[in-house]
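This is the structure I have questions about; it appears just below.
Think of it as A, B and C in the order they're written, each chain with its own count starting at 1.
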Amino acid sequence: MLWLENVHVRRGGTHALRGIDLEVRRGEIVALIGANGAGKTTTLWAISGLLRCQQGRIAFAPDAERLDISRMRAERIVAAGISHCPEGRQIFGNLSVSENLMVGAYLRGDRDGIERDLAAVHGLFPILATRAALPGNRLSGGEQMMLAIGRALMSRPKLLLLDEPSLGLAPQLVEQIFDILQRIRNEGTAVLLVEQNAAMALDLADRAYVLETGLIKLAGDGKALAQNVEVQRAYLGVGP
Amino acid sequence: MSSAYILEQIANGIILGSMYALIAIGFSMIYGIVRLINFAHGDIVTIGAFAMLASVVALNAPFALSVVIVLIVGAGVGMLIERIAFRPMRGAPQVTGFIASLAVAIVIENLGIMTLTAQPRNFIVPAWLSTFIPLGPLQVRAIDLTIVVMAIILMAALALFVRFTKIGMAMRATAENYNVARLMGINIDRMIMLAFANGSALAAAAGLMWGSKYSQISPLMGLIPGLKAFVAAVIGGVGSISGAMLGGYVLGLAEVLFVGLLPPEYSGYRNVFVFATLIVILLVMPNGLLGRSTEERA
Amino acid sequence: MEQRSSWLAALTAALFGAVLVYAATATLDPYVLSIVAFVGINIILAVSLNITNGFTGLFSLGHPAFMTVGAYVTAILTLLPARKTRLLPDLPAAISHMQWPFLPALIAGGLVATLVAVIVGFPVLRLRGHYLAVATLGLIFIIQGLATNLDGYTRGALGLNGLPELTNLWWVYGWVLVTLYVCWTLKHSSLGRTMLAIRENELAAACLGVKITRTRIVSFALGAFFAGVAGGLWAHLVTLVTPTSFTFLLAFQLVVMVVLGGSGSITGAALAAAVLTIATEALHPVEEAVGLYGLSQMLLAVAVLMVLIFRPKGLFGMAEPDLLGWIGKLHGRQPTRSGSKCHREV
């Protein structure tokens, strides 16, 4: 439901993405792994419209119709059904927890639907219900991550973009979150996951891509890539 | 120094503070959302005063309607300024934005001088506002009371809007992190325009109040009040609306008390006092009383 | 070899300029002469502001304040003692009885301005960007307020009139040469490179051991000195100085000259100063004819907006147009590369 074809992005003088091809199908989790600076975050920014791609096409098909979102404004891309949970969580510290969640549903008008989704998010992350009135900047790192994901889910997206959810979190928490990602996928939302923690990402994902200095070096089934010798050496810390 | 005199000074301070607060809120709202100082803000005060005069004299409109007209004109001018001087500068270094808003200020001021001449004009206030109302030991002019009440109503309305409406929440989100706000689907162009509109409407209202209080208006009248209101915003913490309100009253009281309590030969120093306070505050308390340190100041 | 050739080139240019000044003084009518003098004064102002704003990246709007200080000091020193005692009763007797010749008075004006800059600079220069700009703007109003209220020393709002008309094109030209020389030397010195470093990346500069605060103050003070001198020259050209002689409007115009010329380019700043002064003067008769006072300033502001929207780096950016290289070519050698090699083009 998401296609990137030969996407080039120049950012601040560097040629960050040099023609990448990527695909996310309905109901799957796709992982995008690679070293720092490979261009993973840039890819997500290009998809959600915060960055313009100079060449290539990005297409999104939330329903039957295929939309060309390469030049679309970020606000409209969100409306189309893509939700981006950015790197470093970036919740609104000055807004309360419940306001953060409500702002995630900014474009929606269906009160009942919003109520239901709010309840669902509270179900996934009960801590958010208890902390509802607190300002966002008083939450711990893990709680902020949950808030960020919850906020991203409040727009009832067809595709969720997640940028490095494991960053700075304790391993136990990361496992919790990855379990929740599975639940999200099972309930019909596709996920494009950018991760530095390659091992966990490959374990979770249905398919994966390896990004290296702006180019897709490898692509394939999650488990298969985890067995790939190059990947093991470069990203999994295994091997000679 | 009698207690009645001191009370009178405090009353004057509150009146002046109300006007500073309204103007300062505009500075803070705009700075909070685009991180730029709108130098033309003081000129919107001037425009508000002239719009009021035009409405009362040329259109013969009743007082309340004129106030509404002034608010609308203020909002309109603010949005125009945003479109011309701020939107094109988005992403440019701070200096560029500052120069652009200075340029706009100069254009507006010179337009005013060219079309209206630099001569001050008399401001017309409806007769019922010039009556005196006894308030405790003081005799307060109706217009002064109106100013304070109007200011409080406007500020309360804005505060409620920002805290309790969906759009208000979106504005707060945009002010904090505009990229992520876009990821929520918020149209930040609209949020920025709204901030300018609201802030400028309040500034225009302050203009009509200023004209009412001092009975004279001229094309350059808003310049120094505008700068002083910026000092107020800094005192309260630039970017914080409640800070701007607080700073406005603090500065108003401080300035009036400075002039009122010191011997008369020092009254000419009131502007020196205000701007010296600016420098001191920027050094000692750069985040102001209520501001959050979102960026480098020193 | 190259050093001597560029010295020669500079000397030739200076002599050529002197010839021009002589010709101008002899032939042009007083009105045009005063315009040329204004151009020169604005060049001094723009080029010296370039040190503070352009090289070091400080956003200072304070030049008018220093001009006021310099103008008043110079004026007070050159006034006849009789007038001083009559007009300025609070002046200490020692000063009241003195009357200084022009050059020492100008230098004194510059030095007092420098002193003010250093005193104010210590606290204020810790600020950045906007906050520094507004603080220096506040300085203008503070100095205006002091000048207005300390009327025993300054004759308050009336100002000092009937000043001896000491400024002529030679004085202006001489100071222009001094300013240009100082700025040129500074730009190619290690202090100049330090200033550029601070402008480009302050954190990195600090890590390299650059004394940030000290350099900023030096840059501020140097600009203030020339602003003070320029103020003195101005006062003795117009024969009048009041607290509101030098306003924030002037600050804007100066910043525009620096920005239009390209922050960091001496030639650019000088050219922009010349062009803007002449353009503003040329527009004055139009203003009178149409009855629209303030038109020239407005057009300037509009022009600035246009430039900012379409060419945010100014006309020259950091580089100096290779004028000396031209002259060198005439002598049959390679043009020298001007501008420091150790900077990034902004």
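We take it that a residue touches a chain if its C-beta (ideal position, glycine included) is under 8 Å from a C-beta of that chain, and two chains touch if they have at least 3 such contacts.
Small disclaimer: the values here were computed from a predicted structure and weren't measured.
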By mean Cα position, the chain sitting nearest the middle: B
Chains linked by the largest number of contacting C-beta pairs: B-C
Between chain A and chain C, centroid-to-centroid distance (C-alpha), Å: 54
Computed distance of Cα centres, chain C from chain B, in Å: 33
Where chain A and chain B are represented by their mean Cα positions, the distance between them in whole Å: 43
Residue numbers on chain B that touch chain A, as the complex places them: 166, 169-170, 172-173, 176-177, 179-187, 292
Residue ranges of chain B touching chain C (in the complex, touch as defined): 36-37, 84-85, 88-89, 92-96, 98-100, 102-104, 106-107, 109-111, 113-114, 224, 227, 230-231, 234, 268-269, 271-272, 275-276, 278-279, 282-283, 286, 296-298
Interfacial residue positions of chain C with respect to chain B in the complex: 59, 120, 123-124, 126-131, 133-135, 137-139, 141-142, 144-146, 148-149, 249, 252, 255-256, 259, 292-295, 297-298, 300-302, 304-305, 308-309, 312
Of chain A, residues touching chain B in the complex: 48-50, 74-75, 78-79, 83-84, 86, 90, 92-95, 99, 102-104, 106-107, 151, 155
